[in-house]
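Here it is: the structure, laid out below.
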């Protein structure tokens, strides 16, 4: 009876539900998350805290670092935005229209998830360098893609591509056609229907996909180092700077910037989950 | 039984050590009847040193510059303070220098360091912060300007102008070579001499030319046994033999074959056709040794950081 | 207008031509065509072309060269290491994904949204930071460094370190596929199974698992692909020992840095091929299932 | 606004969903399209709305050809079975939607829209829900909002596809009475689809019975209920008992009982089936008049106000069902197993070759 | 196997879902749990099954305490409203499931399972669907398969949660008759949940009326219909008219009409409401006996076999509804707007403070 508190806690969670296995599955999950995730990440935060605030602030606010934030956040935002627009378009086309090789195209969407980022980087630079398959045509007009900020945006667009498509697609598939018909019957033009009925219905999915693509782009390293010029203040992304700091034995600086990235990611996810919570609470039965 | 040896090296030595490892393994087996399996790790010099410091189990390191090797002592106490005295020639069995690689026919007519600051010239070099080779590049240019224009300020200004012409700053030497050679970016590539030869001889026959500048730096990539590791693993004997082997005639010839300048003057003479005469200066003379150079130029807040800031401001 | 009317009256049972009438849920033909065109152009530029680069690069010099590149000892060892890592990481993540999805989907407890956010986190953490974390923890200068070396345990610059960072980065893939699926399925089928006398394990095996089969397979495919392709984090903790701690992506970088472009693309093509094959299997099976009408 | 459906045909691939249907739906009336699942009701309604295109035929509103008009120009109000409310809009915004999407020139002022929407919400007795989201309403409330939304644009015709199909029995019964009253108030020409015959009979001014894409019968509820045109309609509109009969020169014989069937006056000794509804059978405790059908009481079921007997006779394969009020039943004093006699008060006799296939099992 | 529910309580957070319910459900009977949405029917049923645990109280099957038995050991058959068939298994595999998951020792042979499953499929008349997947069946068919699956393990008791709730009107009516016949055949103690009073009255041997987690009344269908214990049950079991009345010493007065109410013999001049069902009102064309209530005919609605009148009186806020057969109606010869007189044949008078809150709007 001395162990009343914990045992009654376990009992109460079981008594609500006849489905077995809560204790063991929850236990294993927590254990796994704790060891693989919480302890290491906690370690990083603790390590960051071993330095003084001044040191920390200097590391994360150096102009070169700030410039890299600007590029990383900016290019990730642009990449995610491109993915928002084209991801929506692609999922629309895949769900609504018929065309040859549709299944193949659909399957290929996952490629950026599957292709190693280093390979992607090498392939992209092969394409977009001024001697590359595509880059040469831009080169004629004096436009450089690889080794510029455009190159960074392209790499980040590439790796984030599946997120928007794969979050929007199922929602679009489930969207009742009756909603559109109701709108049309009420006199709305097709464009109005898309703007006022379809887009709002897709909005939570779009935002989720957008945030995921953005968060993923923010941390991307492998594909970007190949295609960006890595010029400090210009084309140097934050993860590269973290690596560079570490290579110079400056782990504290690296950890400080890493912590900033970590917090940014955390905020992103809070926003995503918050949005989802908000929209399900509000709009679904 | 087999002895395992891990050689942690920097980027451009891949081809050299692939061949030397075979030679040494053969040699060792012949002499000791023991087979030795040499494993290689390559990467940017600084990043490789960092790995060893963090616990990569290297028996020997063969890095791009003494500063990176010395870090093993300063940061992890893996080697004794006198490590550089243990082998001849400051522990550098081969040397190299920094040259300029240009495209065939030298379309931009680049003859010396001065041409690198011209507005119409794009320069490729890796990032001195992460690449050992790039630090040699930087110091070579600095040394030239110091000699030519006479003041630290002028040298600073000169190097700033060079880096203002850099469109891509790869993290390591090999990436930079790829950028210049494969992607066709830039008019001139400041390069290890051996990398330049490799490009001319193997990557694009007839597509590139080497321009030897009027003065350049004598680059001494040092080697050492990692004492803490070999003692723990009991591989000291073979590790030391491995490094000493680098000074044998056969190995010196191999170095020459892979476009490193042999430290043995006799063997070097055999390759005199291959290596042009260069007006060398040494790091100790001009920069007061690696520690000072690193501290003045490459550490956070050093000249290089200021240069980057200035470039960014002027852009 | 009048013309149209009179003709309609003259032959009242004429077939209505589709072009004159627009379905409420469809766009005009030209809009449809342009949208398909734009989407395909975008996908070609971003998906098909990189794929072609890899394939052309790999097979440019013929099958022989390709074969030699992928069977060369270092390549073989990289493939072996990658498969080993995948063979450890994917099953662990399957177990984790399934158990956490079970706990989250079938039970109510406090802090559920927080737990789901935690599971998502690795998606958003830069691989570089992941690598850094484990160097700080397990490096010989790191917090556990002394203890580890005292016990002669090697974590980073060895297989365990690679496994750990890859497990970290791929943690969410299966769980994220399963959780929404299981939540949507609800508990009724499980309850039905229990009322029929089945034990918890049997219920899971016969009822839950078949229902989430495709989500699980899709999650495994993604997790697998990601595990094979992880680069940034592995680059930091692997030590790049040729033939030993180089995974396929690192080996590709090595080859690239040794100017062996064809070989680099050849090894890439294996990864790409695996990705394509798994994707193809997934969609074929989905298609077969749809056709037999199990789900409708 | 009257609706004219003129020889409409529609197939999906090889399947004929609507088979040459012509109808005239008079102005201001509430018409029910009644028929079993798959009989083409929804398809026909969607063709009228312009949501589906007929393969051939014409739709006219008040004499104006609408066949080639787009749905957004037809001015129809359409109410869907599953409401199809816009989830991300409040109730107010839902109802206002049709007004706010009008081209600027025709769009009423904000204030006018507000007034109109609130009026409509009062009409459907849900003005207090204006600021809620559909997710916060019950099914019945949602359906009334859907109706208000359709009415907001002052449609020429109102089309409802099983508007109560998704609701549970009790709410459905309430809402259909409410719809009837609403229609009496606003009098817009309305068509609603249902497969519940009670709903059709209770709510509508006219009933159109459909089967297999064709119209089987149309008329007022009483007409179709009391004078079904064929066995299909007979079965579809309620429970029915079948008796074997023989028809000869205008007279049908079931056992000892003769029933005049003037419509079959030229039949000669033909096998026939007599269709009799449970409440059209008079059950007697004794065969006084001598011309009733003998039966055994198999079961007695009291369902609220009425009593259902199941009886066995020789003239029907299945048990005969008879219904009466509890009051009448008490008067009979019958118990299970007792003998009883049956006399049809009303019946319809169809010759055997007439018989349509049975209404499907479930 | 009889079921005994003993002082069961269950709350969800602060909400009391089941409030001290005790019931005795006799062996072999089919009991309906009837009540409005949210009244705790499902919760109670799930507690009986062991799918939910009560906060306090006991469940006994045939005198054996089951409170702490796990659902998989209670031997109950449970049928869910939305079938909960295993989508990825064929019909055959679904029905066989309960047998195949038995521990090896108790598991019948393959052949025995096959036989048993086919027998059950015949019982539910769906043996021809054995190799289909649930997705290929209609709703009614799926529900019958769910029933067969529950029966396969020979449950001691059969529990059905709104088994017909997801089906449409016509199929529902058919299936409930079918369930009644099936139960007469297999006679396993059964409890089914419904909120459709017609369903409860037609199908069950006993009805338990629930509201707000409490049992309002239990008894045979006739008992609860004819003698509702309180206004809630009265309203819930069918349409009802309310008349204002005054009660004084055992007599209630509505206008000129006096009705004896012996149960209120000690009331003194109290306000009361008289509850009268539409078919319990006799409608007269003239006030011959002088003690009827005066009314005006507002509308006449013929619904198939019966006629519903709506009438206005001074003694009720709302229109009074009266129902009769078409036959009776013809005899009256009433037209809209005519005067009529009403006389309750049966009624129940509740004093005003008795009145329960109205059954919810929709």
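Every chain is named by a letter (A, B, C, D and E) in the order it is written, and numbering of its residues begins at 1.
Criterion: a contact is a pair of C-beta atoms (placed from the backbone, for glycine too) under 8 Å apart; a residue touches a chain by one contact, two chains touch by 3 or more.
In this text, all values refer to a predicted model and were calculated from it rather than measured experimentally.
K.L.:
Using the contact definition given at the top, which chains are in touch with both chain C and chain E?
P.N.:
A, D
K.L.:
What chain lies farthest away from chain E once each centre is taken as the mean of the Cα atoms?
P.N.:
Farthest chain from chain E, going by C-alpha centroids: B.
K.L.:
What is the chain whose Cα centroid lies farthest from the Cα centroid of chain D?
P.N.:
Max centre-to-centre separation from chain D belongs to B.
K.L.:
By number of C-beta pairs in contact, which two chains lead?
P.N.:
Here the largest contact count links A-C.
K.L.:
Taking the mean of the CA coordinates per chain, how far is chain C from chain D in Å?
P.N.:
Comparing mean C-alpha positions, chain D is 52 Å from chain C.
K.L.:
Nearest whole angstrom, what separates the Cα centre of chain B from the Cα centre of chain C?
P.N.:
About 40 Å separates the centre of chain B from that of chain C.
K.L.:
From the C-alpha centre of chain D to that of chain E, how far is it in Å?
P.N.:
25
K.L.:
How many angstrom lie between the centres of chain B and chain E, each centre taken as the mean Cα position?
P.N.:
Their C-alpha centroids are separated by 90 Å.
K.L.:
Listing for chain D: what residues touch at least two other chains?
P.N.:
If we look for residues of chain D contacting two or more partner chains, we find 51, 70-72.
K.L.:
Out of chain B, which residues touch more than one other chain, so two or more?
P.N.:
Counting only residues that touch two or more other chains, chain B contributes 53, 75, 175, 182.
K.L.:
Two-or-more-chain contact residues of chain C, please, as numbers and ranges.
P.N.:
Each of 22, 24, 135, 141, 191, 194, 199, 256 in chain C touches at least two other chains.
K.L.:
Going by the touch rule stated at the top, which chains touch which?
P.N.:
Applying the touch rule to all chain pairs gives A-B, A-C, A-D, A-E, B-C, C-D, C-E, D-E.
K.L.:
Taking the touch rule as given, give the residues of chain D at its contact with chain A in the complex, in rising order.
P.N.:
Residues 49, 51, 70-78, 80, 82, 84, 86-89, 97-98, 101-102, 133-135, 146, 149-150, 152-153 of chain D touch chain A in their complex.
K.L.:
Looking at the complex, which residues from chain B come into contact with chain C?
P.N.:
Contacts found on chain B: 6, 8, 11, 14-15, 39-43, 51, 53-57, 75-76, 172, 174-175, 177-178, 181-182, 198, 202-203.
K.L.:
Using the touch rule from the top, collect the residues of chain C that touch chain B in their complex.
P.N.:
135, 138-142, 145, 149, 154, 156-157, 239-244, 254, 256-259, 261
K.L.:
Touching residues of chain C toward chain E in the complex: what are they?
P.N.:
Within the complex, chain C contacts chain E at residues 188-189, 191-199, 202, 206-207, 210-211, 213, 292-296.
K.L.:
So in the complex, which bits of chain B are touching chain A?
P.N.:
Residues 44, 46-47, 50, 53, 71, 75, 127, 129-130, 166-171, 175, 179, 182-185, 298-300, 305, 308-309, 311-312, 315.
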